[in-house]
Amino acid sequence: MRSRARDSILPVTVVVLAIIALWYVFTVILNTPWQQSVYARADQVDVPVSQFLADVFAQQRPVLPAPHQVAVEFWNSVVNADPGTPRSLLFHAWITLSATGLGFIFGTLLGIGLAVLIVHNRAMDRSLMPWIIASQTIPILAIAPMVVVVLASIGLTGLVPKALISTYLSFFPVVVGMVKGFRSPEAIHLDLMRTYNASGAQVFWKLRWPAAIPFLFTSMKVGVAASLVGAIVGELPTGAAGGLGSRLLAGSYYGQTTQIWAALLMAAALSAALIFAIGGLQKITQKAMGAAA
Amino acid sequence: QDMYPLTFQLKWVNQGQFAGYLVAQDLGYYEEAGLDVTINPGGPDIAPEQVIAGGGADVITTWMAAALAARERGVPLVNIAQPFATTALEMVCSEESGVETTADFPGKTLGVWFFGNEYPFYAWMAQLGLSTDGGDDGVEVLRQAFSADPLLQNQADCISVMRYNEYKQVLDAGIPEDSLTLFNFADEGVGMLEDGLYVMEDRLEDPEFVDAMARFVAASMEGWAYAEANPEEAAEIVLANDMSGALTLESQVYQVNEAAALVGDSPALDVEAYEQTVATLLSAVSPDNPAITAEPEGAYTTVVTDAIE
Amino acid sequence: MNGWILTAVLVWLGAWGINEFLVRVRTRDRGAAMAINLLVPVLFGVTLLFIWEALVRGFSVPGVLLPPPSVIWARLVASIPNPIWADFQQTFLKSVLVGYAIGCGSAFIVAVAIDRSPFLKCGLLPVGNFVSALPLVGIAPIMVMWFGFDWQSKAAVVVVMTFFPMLVNTVAGLNATGAIEKDLMRTYAASYWQTLAKLRLPMAWPFIFNALKINSTLALIGAIVAEFFGTPVVGMGFRISAAIGRLQVDMVWAEIAVAALAGSLFYGVIALIERAITFWHPSVRGERGR
Amino acid sequence: MINERRRAKGCKRLTTGTKVVEAKGLGLTFETADGPVHALSDVDLSISKGEFVSFIGPSGCGKTTFLRVIADLEQPTSGTITVNGHSPEHARRDRAYGYVFQAAALYPWRTIERNVGLPLEIMGYSKAQQTERIARTLEMVNLSGFEKKYPWQLSGGMQQRASIARALAFDADLLLMDEPFGALDEIVRDHLNEQLLDLWAKTEKTICFVTHSIPEAVYLSTKIVVMSPRPGRVTDVIESTLPRERPLDIRETPEFLAIAARVREGLRAGHSYEE
Amino acid sequence: MINERRRAKGCKRLTTGTKVVEAKGLGLTFETADGPVHALSDVDLSISKGEFVSFIGPSGCGKTTFLRVIADLEQPTSGTITVNGHSPEHARRDRAYGYVFQAAALYPWRTIERNVGLPLEIMGYSKAQQTERIARTLEMVNLSGFEKKYPWQLSGGMQQRASIARALAFDADLLLMDEPFGALDEIVRDHLNEQLLDLWAKTEKTICFVTHSIPEAVYLSTKIVVMSPRPGRVTDVIESTLPRERPLDIRETPEFLAIAARVREGLRAGHSYEE
């Protein structure tokens, strides 16, 4: 496994470099109009290309900041800022991560619980599923402020409202995946259980659950990404309480594009780390379950 | 002795716009007045009127048009004080747009803030007799998001700005002031009162509450006075209350200065300005702009400001 | 007040009982079976709405916080011609459908490309995960910056949102093929594309449909939320946000109801296609599985 | 606890001669997209306690389907069937039988020993009993040494033997075995045949056994049921006249050969192609 | 097009006597979590064009593994093997063989006819040819009338026959068959044995055939390879002295019985339990 990790260093590097190169190209393309209007206002003509590039890569409010601008901002707000203060991205990442983690755990448990109900109870299957689906079509950002307001009026503020929104977004992929997973055992494997007159719980723990494990991990990967989105969405309406969401909001409110991108980078890094962690868990579990090497 | 607990809901995130309150809190003016105040920042999607209706706040700050609209929708808000005496809402048009006067508006794209902030704009368009459905004779309306970007990127011809915030962003971006055309809503005759203090009507029957409010307003005005005198320090206090870490001192000093300039000598509501706001709103009733349809009754009171004297 | 709440509880218990009875009815008549399959969720939903109505009235919740369904219904009916229909066209027919098609389509192609080349698999999958982990709320303002205020920027947000679930599921699905089935293709010296079309894709369908279903709701949320970051003055997200600001909460819920209905139908259509294509999968064929 | 209950039942032995399986006018039709398939039609059969019944017949004649009906895995569409005097469902709930499927149906995430231990876990045997029974039955099918392997690491025949071990690990009075020895060579087959006869003699189990081998059917059974397809029905029921004690070389006796000839005859009649 | 190319190759027939399979010191060890499993060890074997070779041996002795090595589905860990004078991979790419797996491995989303048509589609046969070949081979395995059924609607034996049909549908010169007739009764088996001999005689195919039935092995083969397990190796190679023409009643001749006895002897020697 370790050697496989090493094998992927080269490809990842190549792809990342390709993306960065492309990014620079787009930086030039997207920021040129503004740069030209600046030159026009200053009556500058025939600016040498080197000067032009230097200016394009050093704009205050670029449409697309150059990678190195984002990197500098990222570095400044991660390494050079005191992690105890709102100037530090780590501070915000931690706030968001705690809401994400809480929401993800709730969401996964809720999702599995609902899937169990749906698989074991016909009435639940028929009546619950359509409404679970409908619930997901409710635009969360629309009700997020109301959720925040309502919860605040009963005294719940801070982590809980965000975690709830995060739960709301993450339980769905888990329900869908786990219903499929719990129903994935072959008929003959279920028949075997029938011949033992195994109880519902026994069929569940000894057959449905292990058979659903591959589905669980795939769903959890999607679910954790959704959780993070939920936590960030939950931070938007109360834009002042900290977290990556409020950072994104403030960045766009005060026109600090580079700051938005740094926060985005942090959010993506968080998400990737969470997904990676789940992937690791998946490898370990599947190995313990005798998957072919 | 017992402190009177108060929850105060802002309309927007902590920034220089609310410097007076933040200063009063930070320097202990509220505490001295026997108040235990919690200031809840707002955000782009928090409607303070909804928060107070749900019992999440005792007093809120919001624009008068939004408050009157809420009152008509069954949230009995009452204005108890009006710290901001003048209007800071403006519309700014870029040089490229070619807009010099309101006569140039037809066929242009204008950025507007919604979420209860759109009433002045629709009143203005009604007054100018311009349709807001696009086309050559009307204007195209964009729901403008948080920043001044649509103007900088030429996505809109004109955008809404607050004098104390987005306008400075436009200038900071390097656009020379003389290339811009600025419309002040008050000058156009559609000015409406901005940040005022509102409470639920039934609470005013409680004399203790009225007394607490009087102390709250007085302490807040003290805060504003301090902020006006010490903008640097007030900006520092604002920054200390900013949980996003995105504000800069420079922008907040500017904002405190501009906001403090809006604060009148007395917190008492200027009834004439109130009546003008109502009249403007009523003159522009349309399906797009259903702020209020009838003259409001009892939408303001002077008991609190009277008690301060 | 207590009257409403008591009624709510009674109605709930009653409906539950009826549903438990209905799902146990065994009938050979296809029409009756279909009627039951439809009746059960409808009954459940109607009960839910009734409980909502009763609780709102029972506890006299202010209308600006949560209006009762009856008020929402009245608002919905009155507003369908204007503005709901226009909003629906803008958000669903343009942003959602276009974004969904491009997002799922491109993720599928990338998944196959990744699968094709071990180098890309090592390189693109982690980076792809990373890129698509960018949160929607951060992307939306940027997309508005790049693609303008109209539906194109919303579609772009939907593309980014739907990409990741589709990628992960397609890759997982393409790897789900059993050893013997693959060996069989090897013995035919089948080309990569033949194996893909005739073996690995059919095996991957259940996974792919998983993503298509999740994405159908995700796309709708994405498009609506993206409208919070700048739009022309039409669209479901615009209407919702503007209406909250004006405290027209009944309008908010009328739009949400339309969104929920459209989303559920969208999901339902995909689920039907899934049943038709993966009829052989134990989870579809295994009615015996309980 | 469950275990205790089950074994208590087991002790209340039915006296020999009691009907274990009794089918009357049994029919089963599968509805498929292109019309009904008559898997079983008008099957009358009764099996007494302690019998060893072989089912033989061309592929697709309904042998598996019949076993599945007994096991309450398939619902007949006409006729009646009782198992131990009650409905098949009752028997299943009593854990009255062990079933060896035609395919091995091992759980891929369990090692061989844990696959064999599965019914024991479910029926609540103690850890010590589980260990002892797993070892004993794996020994019986000659798989000792493969306890820790996963199914995909075994050959086809080994998987089949593991599934036999799984059905023998707990004490069911009725064994339903669907071609258990199909993938095994003659030597192992002989060995397992003897083991099975041994077990049967010792425990008075009733065994329903599907096979394709005429000698195997004749060697093992007290009764041979010959079936024919489309629709699946019973064409002949042959009561064996061989003694219960059966050394391997009984297979060369004339009596044995006579029964085998009769079975072959019945089988041939059921086939659509005679040369 | 592919089809044309393939058949052009097919025409360039190797002369009889050419080595089709040639293994020298072949070994294959599986590394498992609890130690290596020696599935094949030091196997020397050569199979000439047109031979019919049966593999027989206790379960787990490496028969399947050996077939998989020939088919380039498993890589040997020692020794060398050539197929048609080249590497197994070369032969696989040439579509030089048809393989019948021990499990049916039908695709559940295809009907029986489309399962049988699968290799034809892949190898680019025309629609008309496909229809004709599907009908012919399904007829051969006696599955006519089940064209439109899905695999899970067939009995175990029918599934196995469908998988045989699938391997016979295209013209490979080498057939690798892993217990193809395991789940079939004697009558069908006899029928298919004859069909297979017929096909073999007509087409000069080379056939490698795994079976557990000694009579079947002797009846069909020109060469019988007896294997024994742990480690899997070849213990005996018996060249059949029977004529190529083989009526069914050849099975009663003394010559036949002598060969069968020798095979049984070899088989018994490889088993760990003799009674």
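In this document, chain identifiers A, B, C, D and E correspond to the written order of the chains, with residue numbering beginning at 1 in each.
Here is the rule we use: contacts are C-beta pairs under 8 Å (C-beta built on N, C-alpha and C of every residue); 3 or more make two chains touch, one makes a residue touch a chain.
On a predicted model such as this, the values are computed, not experimentally measured, just so you know.
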item	value
Subunit A to subunit C, fewest steps along touching chains	1
Touching both subunit A and subunit E (chains)	C, D
Leader among chain pairs (count of C-beta contacts)	A-C
Most centrally placed chain, judged by C-alpha centres	C
Averaged-CA centre spacing for the pair subunit E and subunit C, given as whole angstrom	50
Centre-to-centre distance between subunit B and subunit A (centres being mean Cα positions), rounded to whole Å	35
Between subunit B and subunit C, centroid-to-centroid distance (C-alpha), Å	38
Shared interface positions of subunit E, touching two or more other chains	103, 152
Multi-chain contact sites of subunit A, meaning residues that touch two or more partners	63, 141, 145-146, 149-150, 186-187, 191, 236, 249, 252, 292
Set of subunit C residues in contact with two or more other chains	65, 141, 145, 179, 228-229, 241, 244, 281, 285
Every chain pair in contact, whichever chains are involved	A-B, A-C, A-D, B-C, C-E, D-E
Subunit C residues touching subunit A - in the complex, by the definition given at the top	16, 19-20, 22-24, 37, 40-41, 43-45, 48, 65-66, 119-124, 126-127, 129-139, 141-142, 145-146, 164-165, 168-169, 172, 176, 179, 206-207, 210, 213-214, 217-218, 220-221, 224-225, 228-229, 236-237, 240-241, 244, 252, 255-256, 259-264, 267-268, 281-283, 285-286, 288-290
Interface residues, subunit B side, partner subunit A - complex	13-14, 40-47, 50-51, 54-56, 145-149, 152-154, 169, 172-176, 179, 242-248, 251
Subunit A-facing residues of subunit D, complex	68, 71-73, 92-95, 97-99, 101, 103, 105, 107-111, 118-119, 121-123, 150, 152
Subunit B-facing residues of subunit C, complex	62-65, 141, 144-145, 148-149, 227-233, 238, 241-242, 244-249
Residue ranges of subunit A touching subunit B (in the complex, touch as defined)	33-34, 38, 41, 60-61, 63, 77, 81, 85-88, 91-92, 141, 144-146, 148-150, 152-153, 236-242, 246-247, 249-256, 259
